[in-house]
Amino acid sequence: MSPKRKPIRTIGLFGKYGSKDVGNVIERICAFVRKRDLRALLEDATAEFMEKKCADSRPLASIGQDIDLAIVVGGDGTMLHVARSLARFDVPLIGVNLGHLGFLTDIPTERMYEELTRILDGDFETEERILLEAEVVRDGKVLHAANAFNDVVINKSALARMIAIETLLNGDYLTTYKSDGLIVCTPTGSTGYFLSAGGPVIYPDLALISLAPICPHTLSQRPIILNDASVITLVLKTPEEDVRLTMDGQVGERLHAGDVVEVRKSAAALQLITSPFRTYFEVLREKFRWGER
Amino acid sequence: MSPKRKPIRTIGLFGKYGSKDVGNVIERICAFVRKRDLRALLEDATAEFMEKKCADSRPLASIGQDIDLAIVVGGDGTMLHVARSLARFDVPLIGVNLGHLGFLTDIPTERMYEELTRILDGDFETEERILLEAEVVRDGKVLHAANAFNDVVINKSALARMIAIETLLNGDYLTTYKSDGLIVCTPTGSTGYFLSAGGPVIYPDLALISLAPICPHTLSQRPIILNDASVITLVLKTPEEDVRLTMDGQVGERLHAGDVVEVRKSAAALQLITSPFRTYFEVLREKFRWGER
Amino acid sequence: MSPKRKPIRTIGLFGKYGSKDVGNVIERICAFVRKRDLRALLEDATAEFMEKKCADSRPLASIGQDIDLAIVVGGDGTMLHVARSLARFDVPLIGVNLGHLGFLTDIPTERMYEELTRILDGDFETEERILLEAEVVRDGKVLHAANAFNDVVINKSALARMIAIETLLNGDYLTTYKSDGLIVCTPTGSTGYFLSAGGPVIYPDLALISLAPICPHTLSQRPIILNDASVITLVLKTPEEDVRLTMDGQVGERLHAGDVVEVRKSAAALQLITSPFRTYFEVLREKFRWGER
Amino acid sequence: MSPKRKPIRTIGLFGKYGSKDVGNVIERICAFVRKRDLRALLEDATAEFMEKKCADSRPLASIGQDIDLAIVVGGDGTMLHVARSLARFDVPLIGVNLGHLGFLTDIPTERMYEELTRILDGDFETEERILLEAEVVRDGKVLHAANAFNDVVINKSALARMIAIETLLNGDYLTTYKSDGLIVCTPTGSTGYFLSAGGPVIYPDLALISLAPICPHTLSQRPIILNDASVITLVLKTPEEDVRLTMDGQVGERLHAGDVVEVRKSAAALQLITSPFRTYFEVLREKFRWGER
């Protein structure tokens, strides 16, 4: 929460592609926004699948410069997709789910008007969520750079054998993971793939970078939790296997032996407006039956 | 150990492909065998990479009918490869390693003559190791059938999302694994991929079939240990993802949604001659630093 | 299932102590048994807390010689208690629960008459469950010997530091556990403390002995699964700490440095009559939400 | 590292009790300190077991007000003991080990003079380590309050059954742990009991509070990582079992049903001078063979 927060005048609307229900919810939000004498802007791809466009539209890559609030209707996957593009614009986001509660999309449609009223009245706080950036360096040249809100993952294909990833922390040798792969994640991502790989639950507003090997071939590996100034350098040591780099599970870059992936905190961050009616651990209990017998 | 064991007259020799050291060791074994007035037979592919063939050769698929003992020189991977082909011939196997101790190849070259002398004198016991067989059924037809000594693994590719595998035990619903994949393994395979996925160490001469999900997306999954009469039916429920079936990590069949993989104990089994000088847990301690701080 | 099974003439009734509901259920079973012209016998302690005794009673230690079937009303704890005493008499047991489904007490009272009818008609099968026996040896003398259906546990007190347990398998050195303690368990016990310590689920009719350290101070320890002929020798190496041996969580013997605990399969076994209406994994799913998200 | 750091004039010396080797090392440090025209002060209990006192002594509780640097000779246990008493005085600490490398005592005696020279020349940096404080509240009254550098642990005795600990985070319900106990730890403590209970390695200079249940009786529990402003309220729900509260494994308070333990970050912190010659992960690799096969 900041006293210098920009007043909300223009609201960007983003939906999960191809869902008719999402279209209906977005139309209802459009109407609600207009009644409050505010402006709505649709993201281009969202506008495309709506039966009738309820507002002008802008491309995902640039809409961030025109809006003061982003409302995302869909699941956590949609939210991650939108958030990666908006991160550099410092626009707060809110997530409305359509029945399946998400960690990032924690407002059900039934509570949507009530929450929006509150937010448009300025009665809200934001949680800052860190974002990772990863660069792939091959033969000294940066091949590829991208952001991730959940995780940067190096993973072997189903047919490949174990891979070896030499890992440095701020330039010092850390360890060589011999495993199916490695997850570098934000606290937001701790309830995703990291948890499947045996990682702990990390409260999402912390500024931490965590590592967990995927199916390590050594008995002594454990996830590790590092501060957010950590620079993680990953060197793929395994020749000729099919190995991929994915960011939030959505982008897949093929890695070669000798490739270096450098992961650090991004200068940008996500400003997430969270529901005051539900704590993080309530979502955790509901989604994972966490702690239940 | 059986009183009705066949006398050893002909000895099959198998080596890791392409290694010159292996060739030298095999030549030395050839000479040793001839001095004992016994016959040596090379496996075709092994013979091919040797500088001079020290004996006649036969194809891997049929050599089993002509030999009374198989000596494999190389690592556990080579041993698994040979063992799958010999399983139906009931020939005992022995594994000689070239410096890297294996669970199946536990005799170092320095001890090779001593061990062979003992075995050729009939002073040995065999351990029976079970073998799995898996059939892939698509649209009611068996597409593919193969054996595994270590494990039958269903695994998603690096880019695929979580897969769902509906699992039946002897026809009764067991659970639906939502994970990166699933391992069905023999006790021999318990120190392989199964261990990486969080499974226990299973003493190798037991007759058990075990299951472990790979990176489960649920918190409540645990490996399970079943009897060897269990028939495991796995139905791939996930549409349009790149999913593979591998057997001992060496064969890769692409699976489609709706494919059924049926896994059961094979009628064949491996007769392994183990070293009396080293217990299973000594190998485990040496290879995994098991139990060390 | 045996063709030579004794006909059921006399039925022993055992209840959780001090519960009035248990008393009512036992009275109803008494009446049901008499209607079938069979004889009921109460266990002494069960008879004591009943308002009116519906049958003669016998001591727990000897009632086994007079009965052909044991019906236990209560939870798994009561069942374990009764089963330890009956094991040497080879009497089949059945467990009726009072609302809380148990792994060993899987018949709800509503289904009780239906199940008993079926059993008294001879239409049932038994599952054999192994039992462990443990001896404490101090200065060469056997101090204490007892049986366990679930587990033999060595555990330090809350204030003690780590303990070291040198472990032998059939006389060969296995490892030295440095931990809070060690669990040696039967498959029946695998869903108890063993599961809490990170062990797998083991199908209960298997004949296996399993080990799991409790909070090991080494990263490389894993549970291990051994055959039922294994003799496990545990030597407490830690001086002057408060360390206890418990059997099924119900008996607590103080151990001293140098004490030897020898664990092996008991000659006796439990004959358990299981419900044909519910598989083991249905119970597992219901009790542990096993496999659910 | 702070530009306003006090100049080092008086140096406190602390040793592991009862060790003759420790006495010799402290004498050598005394001589070294005097050669530099600085003053040495012994802690009372340390002085007591030395053959000849090389300096004046002061009680542990108050020595902190007279010294500018503390040198602890011994293991991590001694260091924790001294650090708890010095925390409120903001005196930097350094740990010299006698052969067994510790996470907090990472300077070997061979390197001792070199390190001290550097430190006395002002060429050093300190790492701030957080400290927890825990209060036991019974019937609304604070019974007991103490500090911990590693962990606050609630643990059942060897004979007790499972305990239930209702847990609140900043006053909101978090979960009810049904387990053998619960660990609340600092990052410094993450390589201790927390690791044995399945927790991750947490880089020690982070300001985090972490929770891990000990042998949870539910399958879905995982360690959780929280920010250092978290107030953790633990309510013991289990009647009549033998349950203890320990702080750094060194103090044992018996807890009753209904007792409330409140844990938060202490206002004090440890200023640790770490060796520039060894990274944290080098110590981790050496002590735990971390990451090795």
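To keep things simple, chains are lettered A, B, C and D as they appear, and every chain counts its residues starting from 1.
Just so it is clear, a contact is a pair of C-beta atoms (placed from the backbone, for glycine too) under 8 Å apart; a residue touches a chain by one contact, two chains touch by 3 or more.
Please read all numbers here as calculations on a predicted model, not as lab measurements.
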Contact tally winner between B-C and C-D is B-C
Distance in whole angstrom between the CA centres of subunit B and subunit D is 49
Mean-CA-position distance for subunit D and subunit C (Å): 42
From the C-alpha centre of subunit B to that of subunit C, how far is it in Å? 36
Where does subunit D touch two or more other chains at once, residue-wise? 195, 217-222, 288-290, 292-293
How is the touch graph of the chains shaped: line, ring, star, complete or other? complete
Can you list the subunit D residues touching subunit B in their complex? 219-222, 287-289, 292-293
Given the complex, residues on subunit B that touch subunit C span 169, 172-178, 187, 190, 195, 199-203, 205-206, 208, 210, 212, 217-218, 220-227, 230, 279, 281, 285, 288-293
Per the contact definition, I'd like the list of subunit B residues that touch subunit A in the complex. 155-159, 161, 179-181, 193, 195-198, 214-220, 242-244, 246, 249, 252, 288-290
